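The structures come next, written out as structure tokens.
Shared between the two complexes below is chain A, which has chain B as its partner in the first and chain C in the second.
This part shows the complex of A and B:
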């Protein structure tokens, strides 16, 4: 992991904005330090240990270069190319988010980001983007990025976060969806150590859909705070993890959500599908908050894990905090192994055992991929899943490696 | 003529529980055999043992299919050799479409036989033709495998798989259960379409009704893991009237006074 202070000294001259304020924020963050397992929201992700021991490697299996897309490419924090399109306006990066509160262990990673953010995409969408907007993150250096994406009323966009950086990355997305705006955020992490936070607010009739696929890298922590502020706002968060690797090279993928229904007639739908082999660990923490007066809220949350090895682990912790009485909230969690009967059925139809296993794993993850409406993008995700299953899990041992 | 399937004194079951107890049965190419028998007599177990399901073990006897002893073969090798089981309880597999599954299956079997894979267009034509013949909507090919299918639709889908794979020997485990009269006829037509001098069938059923449409050459009664009686189609009619009391033997069952198939 990086030594934040010396990293700051190194890049200080290149950072935009008020250096003094950054130094103060960093000092406040350092005083709190990295969250430990005693912090509830980090209970299953021992960040200091993971950053120390995990190998931040990854293999790039697919890329989005094939799709016709707008691209902002951050390489070691430097932006190459500026996406230009009708309905899109991109502003130079500035580090302006008010961050006055003193950090707590729960928020300290956001403070580190605020102190050290080198770059980020600041984009406003005012119409319908004809092509997906791809944010590509690559490189080997530690990097802090802060993206600000705002959709005006009625705007529509598909955003792709293609994460291939092999080092440590702390990435914050601040997303605002105006009335009736629609955003799909497709996230793919194929490498590295990523600590991510997205703060999403939705106005009336806005729709937010995030589909995340973790197929490589050793640490993926994706925290999302979604606030549904007005009627008919709808949020969907779907995640897929293809976890693999032994001991220090094992995937650790943590999705931690807080979904807050502030207004009546809002809805959310969350699903998490984890395939865990080797010593991979999946974590899902989902908290649904329904504020008083937020009547007729419909909130659904599903966690499913397919355990392929005895050395793998899944922790699922759904939480409901409901202050209104007329709501439909449900959460379910199912953790199991590959279905032996399904395996037999497929083999009885001529598929060899390895092919049958691969098909069942792919079918399991398809339940996330299927949420991607854009055909080109969903095809890339399918390719990614198939290739990963073939190469990494081609010898899906199911054998003990604890 | 050498038999298509020759089972001799088969003993099989799950660990510590014998279920098939010295069963013998021989099916010649072109023949349709029916097995009837009370619940729990081991009919599904026989079908699983023949198709190689994990967890079932063979403790004695032989089962020779088309000249090959099955016991040591993997389930996929048996499928490639031409054995097919229509499951009593078809599974749902979300995330894979019926079409993809059918194509993967057919091509796996063709590859296993050293044949060329079928190209996408020819396969599509074949799948459409076979599914229409079974009165299935094209939509059912696009849907996820058995997900949300009604009981009867799942059974039809098993027959669709059979129609596409054209196995040498098809074992149908209660494919008729849960079918309405029209579906029963359609399924029977599907089965009859596969009848030929080379193909054999083993039809497990509780009801004579199916056998009105699929005329069996031989009817067997199975009880306690054995074939206790074999005869012509008239045996099925007899069973329909008198039940299994005579075969299950134990005075206990008889004294309960209820037909075992009720």
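This part shows the complex of A and C:
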């Protein structure tokens, strides 16, 4: 487990910005401590225990190197290469993200990040980026990164967060979309212990789409706070989990979303697909908030989980908090095992059991990858899914550990 | 539309019209000599209550233990409700009509003033009157801290059914009470159960012997009358192997400016192949349009399907109370047992509701169904909070949940907070939730047919609630339908 204080002492001299302020923030965070199950927003993710017991491992199944892309590579917190392109301006990391709130158990991980952030990409997009911008995170050291991405009015970009670091990582994304801006954020975690938070604000007509895939690592906590501030803003959050592994090496994947409709005529669409094998545990907590006077909001949320083994667990908490009356809000959740009828159907067509199962799982996750518009990227994600399913269903299915 | 349906709808509409200015018809008080202890909570008060009821030592010890635990607990704050801090030392924990002191032997000896009160509430305690009705319903009437009478006891006794006040059960059936009391809801389950366990004054006790189908509906009617009093009743229903009982519960209180606390505990135990159907129409005083007064309704209800193939079904119509905090739950312990929860929760003006259910699947082949309809109007807040949990050994568990919210007006709030937990591969859990308002089209359609806005809303809301209303016993369903209309009084136009 990470000892934040000694980690701070170790890297203190290399950190940019006001050391005193960082020390104060860290002290405040340490006073609160890591969230426990008693904290409502962490009810299903006992962070202290997971960080203590889980093995941080990961196998690189695919990488995004084959895609023509701009790249910012953070290895153990150090940035290699600075992406350069028309319409993109990158500023040196300064840790200037406003952080005024006193930490509560709900927000303490953001405070840790603010105290310890050693690097991050500070980028402004003013036009349309011709290539995806890949943020690659690798290494074995504990790392705190704070990325600040802002899109000017009308700007368009595809951002890829390729997480391969095998150690502990606390990653914050602050994203602002100006009027009419469009951003697709593709996230892939194949390794490690990641505690992530993204704070996204959308102005009028802005569109945000996030597609996340957890295919490895023992802890993935992805928290997103999306605020739709003006009319016609639209947010989509789609996530897929391919959880596997036994006991301490099992995946724990937690997606926690707060989608806040502050303005009228905004919309959001959320879906989460979990495939859980071995002792993997999937968690989905989604909260849709519709503020007073935010009329004509359309908000949809779907959670699906497919359980492949006796030792797997799924916890879902899709919440609605509605303060306006002229809205269409719905959530649905379904948890079950692989559909036996579908399996029978495929086998009756001559497929062997293993192939049939693979096909069904792939089709299940296809419902997430289909949201990736970029062909190159979507091909990589499909490849990732196929390779993982192959090894998973080939080796692990049916194994139980309790 | 069937004739019966048409007449019910007509009645709803009439009812809404009839209560033009008067929103809460049960708001009267009864002037009666009361015997009440001083305000405040202490070991002495608990000893006093216990002595007053002539209780055995074990029950007093049980109460004192609960009180000790309560002292170490904190009031829960997780519910989506907001109310000023309750001063537990400023409440009266025991109030009983003076005339009850000598213990009337039968209903004939009960103070006529009391009987009149129940008559006014539409709850006849005189058996003869009841015989004219289509179906018989046995009633246990609880007035503030004591039970004033139970009807049809002899007839029920012929079948071996025990239906009496809790105090009598402690005296006459101590073994049953000791065996089952606190076995479903442990005294330190939560803050309010600990409080209730320490100071509960009365309630109803039901025991259905093996293989008996209870010949009539059983019912308890709770009435808070005294000002500044808390009501802490305890209900214990035991359905032995292969038996069946349908139990109804109703409650009202006078209109008062201050808030009053009602913290009840209901325990249901269903043994092998037994079935319990528990229906509630909760109509405590909700406070006035500005949120002044009203009952704080903090209730713990839980049923235990203790043996195989037991069934428990909760149906509730929640229209009253200023603040409601209530989660009737089922523990599905026996293999093949099933739990159901049907709920209509209506909030208007400044009412706050945080209600739902828990379905805990422990046994194999267990199933549960949740249908919740929340309707918020005025400036109220209505929250569904529910948990469906499938434990590792509960193979083939099934759950279907549907919770719909209807918003009337743009100042109210509706929330849905489900917790869905699957720890078994074979679990099939489905959950659906929607939030919407009454569509302009529907309103227009009704108004075009000559209904005014308020009648149209009552009609549409009744349709929205139909899935739940159908599950109420007939007498209750009619009553509930009227209530739906009245509760939404003044919410449109």
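Rule of thumb we're sticking to: the second predicted complex is superposed on the first by the 395 of 402 C-alpha atoms of A that agree within 3 Å, B and C clash if a C-alpha of one lies under 4 Å from a C-alpha of the other, contacts with A are read in each partner's own complex, and residues count from 1 in each chain.
Everything that follows uses one rule, which is that a residue touches a chain if its C-beta (ideal position, glycine included) is under 8 Å from a C-beta of that chain, and two chains touch if they have at least 3 such contacts.
Predicted model only: the values in this text are computed from it and were never measured.
Trainee: Have a look at chain B and chain C on chain A after the superposition and call it: clash or fit.
Mentor: With chain A as the common anchor, chain B and chain C both fit in the superposed model.
Trainee: Just checking: does A:327 make contact with chain B only, chain C only, both, or neither of them? Give me first, second, both or neither.
Mentor: second
Trainee: With both complexes superposed on chain A, which partner does A:362 reach: first (chain B), second (chain C), both or neither?
Mentor: In the superposition, A:362 touches chain B alone.
Trainee: Does chain B (first) or chain C (second) touch A:342, or do both, or does neither?
Mentor: After superposition on chain A, A:342 lies in contact with chain B alone.
Trainee: Could you tell me the angle at the CA centre of chain A between the CA centres of chain B and chain C, given to the nearest 10 degrees?
Mentor: After superposition on chain A, the angle is 80 degrees.
Trainee: Which of the two partners, first being chain B and second being chain C, lies in contact with A:202: first, second, both, or neither?
Mentor: Neither chain B nor chain C is touched by A:202.
Trainee: Return first, second, both or neither, reflecting whether A:177 touches chain B, chain C, both chains, or no partner chain.
Mentor: neither
Trainee: Compare chain B and chain C by how many residues of chain A each one touches, and report the one with more.
Mentor: The partner that reaches more residues of chain A in the superposed model: C.
Trainee: In the overlaid three-chain picture, which partner chain does A:224 touch, first (chain B) or second (chain C), both, or neither?
Mentor: neither
Trainee: Applying the document's definition of touch, where does A:212 land relative to chain B and chain C: first, second, both, or neither?
Mentor: Touch status of A:212: no partner.
Trainee: So if I take every C-alpha atom in chain B and every one in chain C after superposing, what is the smallest distance between them in Å?
Mentor: In the combined three-chain model, chain B comes within 16 Å of chain C at the C-alpha level.
Trainee: Taking the stated contact definition, name every residue in chain A that is touched by chain B in one complex and by chain C in the other, in rising order.
Mentor: none
Trainee: Report the residues of chain B in contact with chain A in the complex, numbered from low to high.
Mentor: Going through chain B, the ones touching chain A are 51-55, 74-76, 78-80, 84-85, 87, 90-91, 93-96, 101, 104-106, 108-109, 112, 161, 165.
Trainee: Would you tell me which residues of chain A are touching chain B in their complex?
Mentor: Within the complex, chain A touches chain B at residues 339-342, 344-353, 355, 359-360, 362-367, 370.
Trainee: Which chain C residues qualify as touching chain A in the complex?
Mentor: Those residues of chain C that touch chain A are 78, 392, 405, 407-437.
Trainee: Which residues, counting only chain A, touch chain C once they are in their complex?
Mentor: Counting only chain A, the residues touching chain C are 40, 292-293, 295, 305, 307-310, 312-337, 402.
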